[in-house]
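Following this line, the structures themselves.
In what follows, subunit A forms one complex with subunit B and a second complex with subunit C.
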Partner chain A sequence: MNKARVTSAIRFQVVILGLLALFALGIVLNANTGTVNIPALKVFDIIFNGADAGSMESNIIWKIRLPRLLTAAVLGGALSVSGFLLQTFFRNPIAGPFVLGISSGAKMIVGFVIIFVVGAYGTIPPYLMVLAAFIGSMLIMGLVLFFSRHTKSMPMLLVIGIMVGYICSAITNFFITFAKDQDIANLTSWSMGSFSGAAWGNLGIICAIVGLSLLLSLFLSKPMDAYRLGEGYAKSMGINIRLFRAALIVVSSVLSACVTAFAGPISFVGIAVPQIAKLLIKSGKPLVVIPACFLCGAVFCMFCDLIARTAFAPTELAIGTVTSLFGAPVVIAMMISRKRQRT
Partner chain B sequence: MSMQIETKKLTVGYGGKPLISGINLGVEKGKIVTLIGPNGSGKSTILKTITRHLERIAGVVMVDNRSIHQWNNKELAQRMSVMLTERVAPDLMTCFEVVSLGRYPYTNAFGRLTPQDEDIVMDSLRMVRAEELADHLFTQISDGQRQRILLARALCQQPEVLVLDEPTSYLDIRHKIELLDILRSLASRKQVAVLLSLHEIDLAAKISDWLICVQGDSIQLSGLPDQVFTDAQMKALYNLQTGSYNTLFGSVELSPPPGEPSAFILAGNGMGIPLFRLMQKHGLSFTTGILFENDVDFQVANALAHQVVSAPAFSLVDDVHILQAKQMIDRSPLFVHAGTPIGQQNIRCLELTEYAQSIGKRMLSKDAFLIGMDEAYKGGKR
Partner chain C sequence: MQTIRRTLLFLLVFLLAFSFSSIAEQNTTSLEGLVVQSEEKLVYATGFSITHYQSGFASFTLDAHPNQVFLLVPEGQLPPEGLSENVVVLRQPMGHITFNSTGMVSLVDAIGGLDHIASVGTDLKGWYLDNVITKMKAGEISFSGNYKAPDFETLTKAGVQLVIDTVRLAENPEVIAKYDELGIPWMIESSSKEGHPLGRVEWVKLFGTLIGMKEESDRYFSQQAEKVAQVKSADATGKTVAMVYMSSDGSKVFCRNGGDYMASMINLAGGEYIMKDLEPGKTGTTSVTMEAFYAACKDADYLFYVNHVQKFKTLEDMVAFNPLFADLKAVKEGQVYITSPDFSQSTAAIAGIIADMHAVLSNASIESTHALNKLQ
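Moving on, here comes the complex of A and B:
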């Protein structure tokens, strides 16, 4: 092992430790800030010692803040990893669930459910919304995957994804024409995303889905590494390209569908965070990018949610508002610096 | 000796449509076999079929005495590695990492490199003389260095067969030579069977043990470089209708300018070549003499001049040559002296200078001629 490779290994460890520290800070800040401020020490006491069980503070932390901050963390991480997988698949740094029309697909089905099912039956159970968003996401991903069998060009596929997104938006707008104002407001608030619906029960499901997908993506990291040299080289090293690409796209769509289902479409995390993570560890090796990306996304979303909750309290901002505000400039900066690096 | 890689009655093409059929080729250990042929002739198609990037239409490809379709992906990758034409630009990837991907068919599920693997990576880098590039980002090195790194990656796969599709494209002449040099020494040192396609036929002749000419719907010709590499064969292979190819020099000459000669050039000893080329550039026909057939001027004059007076190598200029040359001088409005030294063999060339003077021909020295051409063209007129 030479010096440069040792340095980069140390760099990775430092970044991971730093992110873990930020993660811990995020937990504390998220747990103690809000309409009711709870001192950090008391937060510790409540979480680790189960102090004051049954008190208002304990209830706020255990029933509201803790599930919410953990949901934000897990889904944020999931979204980032999903973005990274899609960028690998499309070999394009701006690929993400938003760009590919996955979010538009989810919105279309959710819109359909809100406008027609709720319109007919009055209310729907929350799991139906989750299911609708999941079906919408997978539907579009399936469509993009179907087209990928007919074109080998990744930029072309990206364009197809964007076009499909437009079609979905058009259909959603068509639904909206027949909707009541209340339904439109519901759909709009859903489509900006929020972690406010977090609960322990959902968190369990989320952790199971995300955990499994994350494990699978780690097993995909070896072929992903080879895939960075392009399909031709990857194939020559013994990778079954068709199988690999299918696995990659399925894992990434399950991840982003899961996020969209439980928190609505959240923009820019999937594009911005993988880039930040790669720049932090100064490596593009999937085996190290995936964990760094997950942690980075978790921290990013926890802090964005903190801002969303507290910036204009008691009014809560949509999470998409905050992530876009911070994410978009990152993407722009990244594009410019990338261009400078190449020339 | 047995073939490391061999094709039997292979038919290749795209989308089920045969392009080239009946391909029988083979490469032994430590040998280099090169496919040459014009653009679009199907060199890449053949190579891509052999490396399984394209489906074969008929026939078999044998690697290590077994069909490539009988090996599983990993087994084949341990026996055959490739260098492709596709441009790669991996994000934040060091050259070491690029080369280490060659260990892909050998490493565990997470691609962890053992110390032995790392040694092989460094060895491969050393072999292409690129050790110092190990920690550089692949996207930040030059084209020549990139090709070397990609070659190192292919080596790192420890193949028995190495397939390279036009490895010298994008490279300048120095890097072309460097890369092919490495390839040559590698084939013999590592006993790898190398199959490649090349654009540069002159280099192909020099590096290859066997040449295969691809043109039309079958293999037109194959053989030892000396057998394949003749002026006529090259002219036919590339369908050269204007211009010519000099296999001796491996250089390309354009076609001779049409029309009546506008100058007679007294040349020899290589002094005539710049003048010949200048005349050609300006589209001016010329005659030249008296050249010995072992003179470099003779090779180029043959390609470019309207007519050449030549004498056999190591002989003396005789009356017939003088007569022919005088006739040429008569027909040309200008007599140019290329500055060729006069020695015992060509002493009689002095008679030509005297003759031109005696009939009042317009005469120019080489320098005066060059300046004159320059000015005439600056003025925008002939």
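Moving on, here comes the complex of A and C:
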């Protein structure tokens, strides 16, 4: 038993160190790669010595590449943790951050803003779009919380979340009926996700929200561990299931709402990356999986974003396209492996 | 065995010959009985051709669907007999036309031909052309539905003689199939593929011929070409110009391609389009990364921001929307102009826009023109 624990601890440390190394590599590659060729030594000089302040190269590094790669890392990690929380909650490996209709709710409100508000006023401050997406996500979260009080069945709650998502999509399509072609193109572009608009101001807000949510999720790790062994067992350990459920939904929703608000809906990270993290750690204990999930998600998104902005430069791929291309095969492999294990 | 082989070979050759002759027959246009008078001389446009016949007949073909020939039959006359299946007969006067192309409506408006338009595919709030707005409010021109989902009942009831659509119609074959089923003639105008700005304006000759206003359309085109020639003859300003717009959430930036007509307009106005190497053989726009946009446009003397989505009122609005703008030379020097709402919609305004661009590029103190408003 002790040997197993020691092995597990060593494995965890090795994985975390490996992920940190990949994270560092991701930062270096993203800072050094882009449409404009800037020598690596110059990049180092600009970042650590503040060289050539105000020059084109310095602006590209400080105002475009650095905020973008850090935003991709933090939001990727947030999405991954959100997915893990929901997969644990629903005991379903393909439950994702957007399964409860979060992204559909965000798209509905963003669609309203693009089609009616921008159309009427001509221009809106960028924070309004972020706020719109956040409000949409939180609205749906509130609805799901309301329904979660009236049903104890997890599959039922999942179905309710999916149905709510369909309702939001229907309302969005209704708005689109009255939209100009340009508005539809804008909404489609938003719904494919992008880290392109990343800025230092937003990054500060993102870090605050994600940091607090991560802390809360770590506090929830013990009740989650008990919940994994069954609802009855968790109750017997003194856990208030109702409160626990609400807290889990809130934390997960805030994380995914944050991603949707600042980068649009990004597919597959929340479903595939928690599976990768658990495979690496070979453990389901939330206290170890949560940090691994975060790092894994950060690394995954940084590399996907690098591909998205360089593969066909200067044209940029939607981040959702790249994450789906890499994320979907993982989900398929996981489903096949699960089926094989059962048989 | 040899006999069987010979027989099979003969059958194969016969079948092939029959197939080729059928194809050849489909591609041959029979306009027997019509004597050609002249071919329309086109200076810049490449997307269509017009043939004039004696007795007032005319025919035109379009690059967008070259297998069809449109035959204009003058009022009171009959079309010749034995026409091929690929000939679409249009009987003048053409008083019930549906236009799903806002740019081409502006040309018809410019020659005073709006009375020939029965309906349009853009609703009232999408228009910036005063005469069209007036006629729509008066009920003289109606909205007959979006090009993707036209109101077939309204079109059928109104007895529409021709639907004129843009190249986007080709993306909706089910709509084309419905037009064919209902016997509604349709055509695709490909003016958006013209690289030269005056190529787009020259399509006025096609519509002038269509609605029996050839003299007016010829006169109008000559005036526009002369206007551009006057600007072109002036000295080049040597100023570089960037032309972009961003998506609502600021995550995507769209730049005009080097081969686009707006890039040509800048060059004709005596400026130099700074992203001329971006897709030099294509019209339209390309979405580029923020890095590519910044690197290419940071030193441009002028920034023309296209009024598609954001309608910035001040430079402060623009910089608040995306702080990267603050580092552009044009923004620092206050040489940012936002285009007028009809900039993209009005093909008829092209020559005027080129003149406005030249005025702005030659004199940095100009606050605004019809097409370009300076952001303070």
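The rule is simple: the second predicted complex is superposed on the first by the 342 of 343 C-alpha atoms of A that agree within 3 Å, B and C clash if a C-alpha of one lies under 4 Å from a C-alpha of the other, contacts with A are read in each partner's own complex, and residues count from 1 in each chain.
Assume a residue touches a chain if its C-beta (ideal position, glycine included) is under 8 Å from a C-beta of that chain, and two chains touch if they have at least 3 such contacts.
Remember, predicted model here, so these are calculated numbers, not experimental data.
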### Task
Return fit or clash for subunit B versus subunit C, each positioned on subunit A through the superposition.
fit
### Query
With the two structures laid over each other on chain A, which partner does A:49 touch: subunit B (first), subunit C (second), both, or neither?
neither
### Message
If we overlay the two complexes on their shared chain A, which of subunit B and subunit C does A:264 touch? Say first, second, both or neither.
### Response
second
### Query
Thinking of the overlay built on chain A, is A:118 touched by subunit B (first), by subunit C (second), by both, or by neither?
second
### Query
Between the C-alpha centres of subunit B and subunit C, what angle is subtended at subunit A's, in steps of 10°?
130
### Task
Determine, under the contact definition given at the top, whether A:59 touches first (subunit B), second (subunit C), both, or neither.
second
### Message
By the touch definition at the top of the document, which applies to A:313: first (subunit B), second (subunit C), both, or neither?
### Response
second
### Message
So if I take every C-alpha atom in subunit B and every one in subunit C after superposing, what is the smallest distance between them in Å?
### Response
39
## Note on the structure
In their shared complex, subunit A is touched by residues of subunit C numbered 126, 247-252, 278, 286-292, 294-295, 298, 308-313, 317, 320-324, 327
### Query
Residues of subunit A touching subunit C in their complex?
34-36, 56, 59-60, 63-65, 110, 113-114, 118, 122-126, 129, 180, 182-183, 185-186, 189-190, 194, 196-197, 199, 264, 309, 313-316
#### Entry: Touch list for subunit B against partner subunit A, complex
51-53, 72-74, 76-78, 80-82, 84, 86, 88, 90-94, 96-98, 101-102, 104-105, 107, 109-111, 118, 134-135, 139-140, 153, 157
### Query
Within the complex, which stretch of subunit A touches subunit B?
1-2, 4-5, 93, 218-219, 221-222, 225-226, 228-230, 232-233, 235-240, 278, 282-285, 287, 341-342
